[in-house]
Each structure stands twice: as structure tokens, then as C-alpha cells.
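In the two complexes that follow, subunit A is the common piece, with subunit B as its partner first and subunit C second.
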Partner chain A sequence: MIDLAANFLWMFLVVIGGVLISWSVHFVPVGGAPAAMAQATGIGTGTVQLAAGAGLTGLISAGYMMQVVDNLPLILASGTVGAMIMISVTMIVGTWVYVYGVGCVPSSAKVKVDPITHDRQDLYVSQGTEGHGLPTVSFVSGVIGGALGGFGGSLVYYALLKVGMGVAEVDANMIGLVAIFAVGIFFVNAVIPSYNIGGTIEGFHDPKWKKWPKAVISSFVATIFCAIVAVIAILQLGGL
Partner chain B sequence: MSAGGDGGGAKSNLPPNTIIGIGAAGGLIGIYLAHFLPATFSFFGGIAAICAIVWGADAVRRVASYGLGTGVPSIGMIALGMGIVAALFGLSIGGVAGPIVSFITAAVIGAIIGVLANKVIGMGIPIMERAMVEIAGAGTLAIIGLSTVIAGTFEYGAVLDTVVSTGFIAMIFIMGGMGILHPFNANLGPDEKQDRTLILGVEKGALAMVIAGLASSINEGLGPAFVTILVGLTIWYLAFNKYFGFVKRDAYAVVGTGLLPSEEELQ
Partner chain C sequence: MEPLIGMGVLALMGVAATIAGASEDLESDVGSQSNPNSQVQLAPQMMFPHRIYNKAVSGEPPSNALMCAIGATGAAVLMGEFNLSPLFALVIGALIAACVHGTYAMTSTMGRAASQSRFKQPVYLDMIRSHTPVIMAYAFITTFCVLIISYMMNVVLGHPFPLPLLAFIWGITIGAIGSSTGDVHYGAEREFQQFEFGSGLNASNSGNIVRFAESGLRNGYDNSWFCAKFGGPVTGIAFGMTVFLGSWITTVFDPAVSITRGWLSAVAGIIIVFILIIWNRKIEVAARNNYGPYKEDKPEEEAAA
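Let's look at the complex of A and B:
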């Protein structure tokens, strides 16, 4: 009854989704605890929380769209935009806090000029800090990260739900099972890159960003195993 | 943001192998007791979860003492991410051997991620592979234990009906993760002591047990739910008192600051 070959396409999509999630984390400006004290550029919390916040919002918006239509591009677009909105709101509110609350200028310590606006950065970095707030380039990078994460997350969800649809009627059990597998795979692929970047990154202009192939390869291998295990468990729904 | 110390292994009074024994054996025995005994005894699932959570918390403190480069919560989240995939897989194909199949699957996934973390990403933590295996196994047993409290059994169909489709699985995910990541996250630093960290794990596990007991009232009726909540609250009370005692023991001094000064006093 367990027919992995017939579900090869869906497993492949799960792996692609996992790899995209892993790549997306490198774009999100994660500042960690130093950023929470306005001593490093980025949002003041950890990678996992940010990626999970944005990616799970993407999952929810993709799941909502899936109730209405069974069209892959629309579902992916819904998940992508949901995650982009979530990360943008997080970043803009964070910027308000840094600018009006802490009273510091958004600036990056990793580059001399912002690659997008060409504004000088180094003049505005407070002494003893590694930048603070979210300069334009980090914001844009974060939105790209949200888009990739939401796209990857909804791809995982869609592919796993398709596996389930092949063996049984869609019901609450299947949706719950697929959603929790998508969340599990999401967390695994959000933590692997966070170890790769060592906790903080400013965005695609950060030198650490170039390390992404390592995390993507790791996520690729790890997600293959998670995908096989998830597909087998979902296929068991047919026998209940 | 390097949380958790300056590298080097953590000092332990209880050797790791003892805690692995408590976690793995206690976890599996508790889950099977909760499964085979009548509904009144489903609190054994919670005890299994507490054993697993203490094991996970100890594995986290050993690996995070080397400095992960990022926050301790990440490792709790990956534990439960791996755990949930392995747990549901094992229950789906294992039948009565479900928890054991889940446990082995978790160990395999954990080993793969541990090897990737050291060999590909290059984290260079000597015990990474072993710790990932332990953390994945502990996360899996915590999830199955709490699911067994709610469902009264670990049969795949019953767990799907009462735990997954109701959404309690998300609650279990976060509570189990909290139990594994929070003890070390709250106690880390140069004065971290194993007994203080682990008793906080017991306290967190007991809280998870109380909440799982509340959730089980839908499926198992008020009687068994009441027993689970009562046992959970008792363990929580004892563990919290003990933890507070350890905090006072390890603190330089515990002093009262009094109430906030009033406006007149500030002038």
C-alpha cells in the first residue's frame, strides 16, 4: 500500500519547499539579543521565532486559500504574500521602536553605503555597537526572505495535502496531520540555517550571507528524510 | 549572540547515561502503562513526558554549554520539529510497537542532522551528533506521552481524532518544546547547576501534564482528567518548591526590595 514512487513528485516538492525555507532564513535581518538592545542591526529576536512567525502566517494564508481553490499558483501566491506582510509588519513596528523609542538611526555596520539607497552608513553607527535598527537594504532583504519562506512553507503544505488527497477524503484529521508535518519540517529547516549564520545576519549584503550553500545542502539532505517519513505517515490515512 | 557559556562541557553530578536511562526507559514504560491500563491511569503518559523532558533538558544543557552561536530556544524547536515528524510516523506504521518505532526514527533523523551540523555547517561541537539523537528522542517521547494523556492510547486513529484534528498537537508541540528548552535557557550562566536546571524541567513537564489533563477531559471524561490534573499539580508544587529552594541556595543573597517608592519619597 505504501507507494513512494507514485508520490515522488510531491516528495520532490516538499524537499524544494524545505530548501527554500532554509535559504529564506539567510535573507531575514535577524539581530538576536544584541538587536533587542539596539546594539546590532536587525530585528531583536532569534531566527527561529522570525522564520516561524512569517512562515506559519504563510502556511495559514495558504491553507485558507486552499479551502477556496485547488490551484497551485494561487495557493503559493497567498502563502508568499501572507508571509511578506507578516515580516514587513514586524520590521516596520521594530523600526518605529528603534527610531522613536530608542532614538537611534537605522544603520548597518557591515557595509559603508547602503547598496540600495547609497546612503552612508558608517557615520551613523554608534560607538561600541554593530549597527542598529533596520536600514533600507535590510528591510528589502527581509521582505525577500519572507516571500521565499512563505512560498516554501505553502509548497510543503500543498504537496503533503496532495499526498493525502490521493488516499482519502479531505477531513479535519488529514488537514491537522498535514499542517503539523509542515510545521515540523518548517522548524527543522529554520533552525539548520540559524546555526549556519551563527545567530545574527543583516541581510543579503552581509558577508555571512555567502555561507548559504552549506545550510541549503544540509536542509536538502535532512528534508529528504523528513519527506519520506511524512509521506509514509500520511499514506496510512488510507488504511484507517 | 552567544548564549550559554564560553565553551567546554557542562559539569554534571548525575552522569548523562543515568539520565538517558531515566528518560528513555521511564518515557517508554510510562507510555505503555498509560496505553494498556484503564483511562484512570492515563496520567502515566504525563509522567513519561516528564521523564523525557528532563532528559531533553539535560541534553540541551550539555550541548548548549558549548555555545550554539544562537539562542537556546532554537534547539528546543528543532527537537520538537524532528520529534513530531518521527512520533506521527512511528505511530502510523508501528501499531503496538509505535513508540519504539518513533523513538528509533527520531534517533536516525537526529543523527543525520547532528552529522550535517558538524560536517557540513561546521559547528564543531564534539557532542553534537550524540546530543541531537538524544534531543530528538526526548522530543518524540514527550509528544507521544502527552498525546497518550489526551487520547488515552497511542493508536494512530485515536491520536488523529483526539489530538491532531482538535489542534491539541500544536499545544503539545509548544509545551514540550518549552519543557526542553526553557530549563537551560532560564538557568544558563557560569553558576548553572545541573540539579537546578533539571528540577525546572520537572516543573515545566508537570505544567504540561496539567494542561494535557485539562484537554483530556473532552475525550476521557472528568474522572481521569481530574486524576491527571491532581497528579500534575502535586508534582508541580513539589518541583516548584524544590526549584525555589535551589534558587535561594545558589543565590548570593535573597533580599526584599519593598514596594515601589511613592512620588513624595522620590522628591
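Let's look at the complex of A and C:
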């Protein structure tokens, strides 16, 4: 017997996690292919790729933490910190490459002054480009994005594992099933904001960032369906 | 677990991650993958036919995740069903992954080059024959090192995720890091060396990649030779730092001992992130002071006139 109502709280947490993941992607400064050619501000990779890289690294940390303690705030904190470390390390090494390898000065083309440091940006943008590298505001925005993504991913994993604990003993098969669903829900919610972002976004100071409610509402609806499918599958397959 | 053994395992994982990161980046430079490959693909259409391998199986994170998941699944089956020693199982798993990757690389480069025949892009069979084994070799090193990390996390550190899932997630992460860091060195510098250093890529120069080497036509070997000096090693450092720092905080402040230790590990992670934000700011200021010249700062009225 599949009892969805009994698992309403966990499904609600999955949906909250999905919405947070969707929101987090808007913070991650990605420049796509143009950034890889120092033609746009941000990290030179795709939106989904980097957000997923950071969030899933957080999932590894949260999974480890959940093995040893059963304390929700600590599990979420561990996922958040794992994702923050991954994204900040990637961004600092990205800055090394832009500054020492490519010779570009970090600069934003979307704002005239950096909202955090109040430094002029427009003077440093090279001709024919949309900025390059990672100015401080983009770096901080990326850290916030990583944190939200790691938090959301861990919340989804925690909630789904709790669903699984209700039907069977937790073993490697159960954890594998739950983690695959968490990864899948992460990807669904990382892809939806890409339509808002359209390849490049510099962070929370970018005008495109203001479009986030559209993506968040879409993710909310999509994650409800994902949560229903995930809960049914875990309840049915429980321990395989 | 004894703290010293934990630190030793962590050090080994960090070393394996550093090697994996470097080889992942060089693999994507020899074969030209990820975002910089958009220029390699664009070049023939802008009437710049070239002799550069053009694989781009997919974005780097999915292609590395595929490789690592195939390798880990193979290894898990060999260890579980055939009781093979982990060392042999991981090597054979990585070998299977490298063969699959080689197949993808070859079909995608041939397909891409052939589809650009109307732009007079030749299919260099000798280049494909010479480059594919190198791509497979780098793919083997990457997969093997990621499998070592995942195996040690799973067996020694007691991570609950199964081996193939851990390898899959680390594959996504290594691809995301490689395409964010080392590939920029290939895309923004090596492909466009004929333009002024530090000027970024003017949009009007898109597709005009360097096609001639010191001797003859430039190929993937020349690109990996150049990127091995900076892009590859820093990618290795990035992935090594991610794996090492991510596990270091929970090894030093073990949450299994007490909840307080667990919270200390989170605080330690946040301190590391703050240090990196400040470091980025220092590099930004130093670069602005040392580089240049920049645009003149014209008063607003003058600019309007």
C-alpha cells in the first residue's frame, strides 16, 4: 500500500530543496563558452555543469555526515559547506588562470561599479568583450549559489532517505536508490533556470537575476511531480 | 579510525585527485573538448580549416561521469562476482572506460570533420590515428585515479554511497572543475595566441584560431604541450584541493566523536571559504595595479559630446 499522505512532510521538504536548488543556480556566475574565451565575465563553463558539480560535492559531504549523525541542521550544514568549498576552490583557481595564464583583469560589464567593493568596472573591460574573470561580487555570489545548492541537495537526500527508512532497513541498495533520485531531482532543478540565464549570468547584480521567480515557480511544479514519483518508487522498491 | 591513518588516506586521495585533475584537463586539450571546442568547430565555417582533433563527446562533466561510472561498475562487478583484488579490478575497470571513451572520441571527431566538408575541412586520418591513443591514455589515468578516490572513500573512510555512485559524482565534479579552470587556458590563450596577450577575445575574432605550429600545422599535441605548463597542473590543484579540503574538515573535526566536533568542521569550512574570497580580492587588486593600459576615464559630458 502506497501511503503518500503519511510522507507529506518529506515530500514537502523535497519540494523546498528543489526550489532552493533552482534559486541557487541564478547566483552562480557562469559565462558558458564566451567566458572560456575570456569574452564574458564568469566561470567558463555551463550553468548546469557547475551548479551540479558543486551541489553534488555537497551531497557527498551530507551523505557522509548522515552516516554518522542524525541531526538535520548538521547534515544540511555539512552539505552546504562541501558545496561552498568546491565552488570557491574552482573560482579561485579560475582567477589564477584568468590573471596569470590569460592576462585578463577581473571585470564586470553589467555594472559600472562593483556593489561590494565599489571599484570601477567599465574601465577594465577589454574591447569587444562582455567583461572577463571573476570580480569580487561574482565570487561572493558564486559562494552563495554553492551554499544554497548544497543545502537544497542535502535536504532532498535527507527527506528521501527518511522515506526509505520508513519501509526497510537502510543498506547500500537503499542509499544508492535514494542518492540517484536526489541527483536526478538536482539535475531537473538545475536545468530549469538555464532558460532564464541563457548561457551567461554574472551573479546577483546581473539584470537577468531578477527573473528568478519564473524559474522558481516552474521548479516548484516540476519538483512536486518528481517528489511523488520518487516517494512511490522508494516505497515500492524499498531495499530492492 | 585512528586520526593518523585517516590523514594518510586523505593525503593519498589528495595526490590521486591532483593527478586526475591534471590528466583530465590535458585529455580535453589533446582532443579539444568542452567550451573552447566551440571555436574549433566554428573555425572551418569562418574559412579557417585546421588540423585539430575535434571530439567534444558532450560537456566535460557528463562525459567524465560516464567514464568513471563505467569504470566503477566494471570494477564493482569484478570485485563482487569474481573476487578479483581491488587493484586489478580498478585497473581493468579504468581500461574498459578508456576503450569506451576512445570509441566516442573517434566517432565524434570523424562525424564533425566529415559534416564540415562543404567548408573544405579535411578528415586527417593520420591525426585521428595518432591522437586517439593519447586521449584514451589520459582517460585511463583520470578514471583510474577517480576510482582510487572513490574506493578509498567507500572502503576506508566508510562513505555510505556505493562505489559507482561515488565515481559518478566525482566524475561530474572533476569535469566541472576541468572545464571551469584548465580549459580557459586552452580556450582563451592557446587558441588565440596571435592576438595581444591579456586583451580577452574580441568577438570579431571568433573562429580565427591559431592553425600553424612552430613547424607545420598545429595539432592537439601542441595544445597539450602548452597547457601542460599551466592549465593542467592548476586543474589538478583545484580538484586535489576540493577532495582534500572537503574531507579534511571532517577528518580533523570528526563528527562521529561529538556533535560539537561536527559543527566545528562546518565552521572550519566556512573559514576556508572566507580566506579564498579575500585571496581572490587580493589577486584582483594586484592585477589591476600591475596590468594595463586601460581605457581613459572620460568625464560624462565629454563622452556624451
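By our rule, the second predicted complex is superposed on the first by the 236 of 240 C-alpha atoms of A that agree within 3 Å, B and C clash if a C-alpha of one lies under 4 Å from a C-alpha of the other, contacts with A are read in each partner's own complex, and residues count from 1 in each chain.
Assume a residue touches a chain if its C-beta (ideal position, glycine included) is under 8 Å from a C-beta of that chain, and two chains touch if they have at least 3 such contacts.
Note that this is a predicted model, so its numbers are computed, not measured.
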| item | value |
| --- | --- |
| First, second, both or neither for A:94, with subunit B first and subunit C second | second |
| Which superposed partner A:172 touches (first subunit B, second subunit C, both, neither) | both |
| Touched partner set for A:225, first subunit B, second subunit C, both or neither | first |
| Contacts of A:43 with subunit B and subunit C, given as first, second, both or neither | second |
| Which of subunit B and subunit C A:214 touches, first, second, both or neither | first |
| First (subunit B), second (subunit C), both or neither touched by A:59 | second |
| Superposition-derived comparison: subunit B or subunit C, residues of subunit A touched | C |
| Which superposed partner A:184 touches (first subunit B, second subunit C, both, neither) | first |
| Which superposed partner A:201 touches (first subunit B, second subunit C, both, neither) | neither |
| Partner chain in contact with A:33 - subunit B first, subunit C second, else both or neither | both |
| Residues of subunit A contacting subunit B in one complex and subunit C in the other | 32-33, 46, 49, 52, 172, 175-176, 180, 183 |
| In the complex, subunit A residues that touch subunit C | 32-33, 35-39, 43-46, 49-50, 52-54, 56-57, 59-61, 63-69, 71, 74, 77-78, 80-82, 84-86, 88-106, 117, 119-120, 122-129, 132-136, 139-140, 143, 172, 175-176, 179-180, 183 |
| Touch list for subunit C against partner subunit A, complex | 34-36, 38-39, 59-61, 153, 157-162, 165-166, 168-170, 172-173, 175-177, 179-185, 187-189, 191-192, 197-206, 230-231, 234-235, 237-238, 241-242, 245-246, 249-250, 255-256, 259, 262-263, 265-266, 269-270, 272-273, 276-277, 279-281, 283-284, 287-288, 291, 294-295, 297 |
| Parts of subunit B lying in touch with subunit A, wherever the complex brings them together | 1-3, 68-71, 73-75, 77-78, 80-86, 88-89, 91-93, 105, 108-109, 112-113, 116-117, 120-123, 156-157, 160-161, 164-167, 169-170, 173 |
| Partner subunit B, residues of subunit A touching it in the complex | 32-34, 46-49, 52, 171-173, 175-177, 180-181, 183-188, 190-192, 194-196, 198-200, 214-215, 217-218, 221-222, 225-226, 229-230, 232-233, 236-237, 240 |
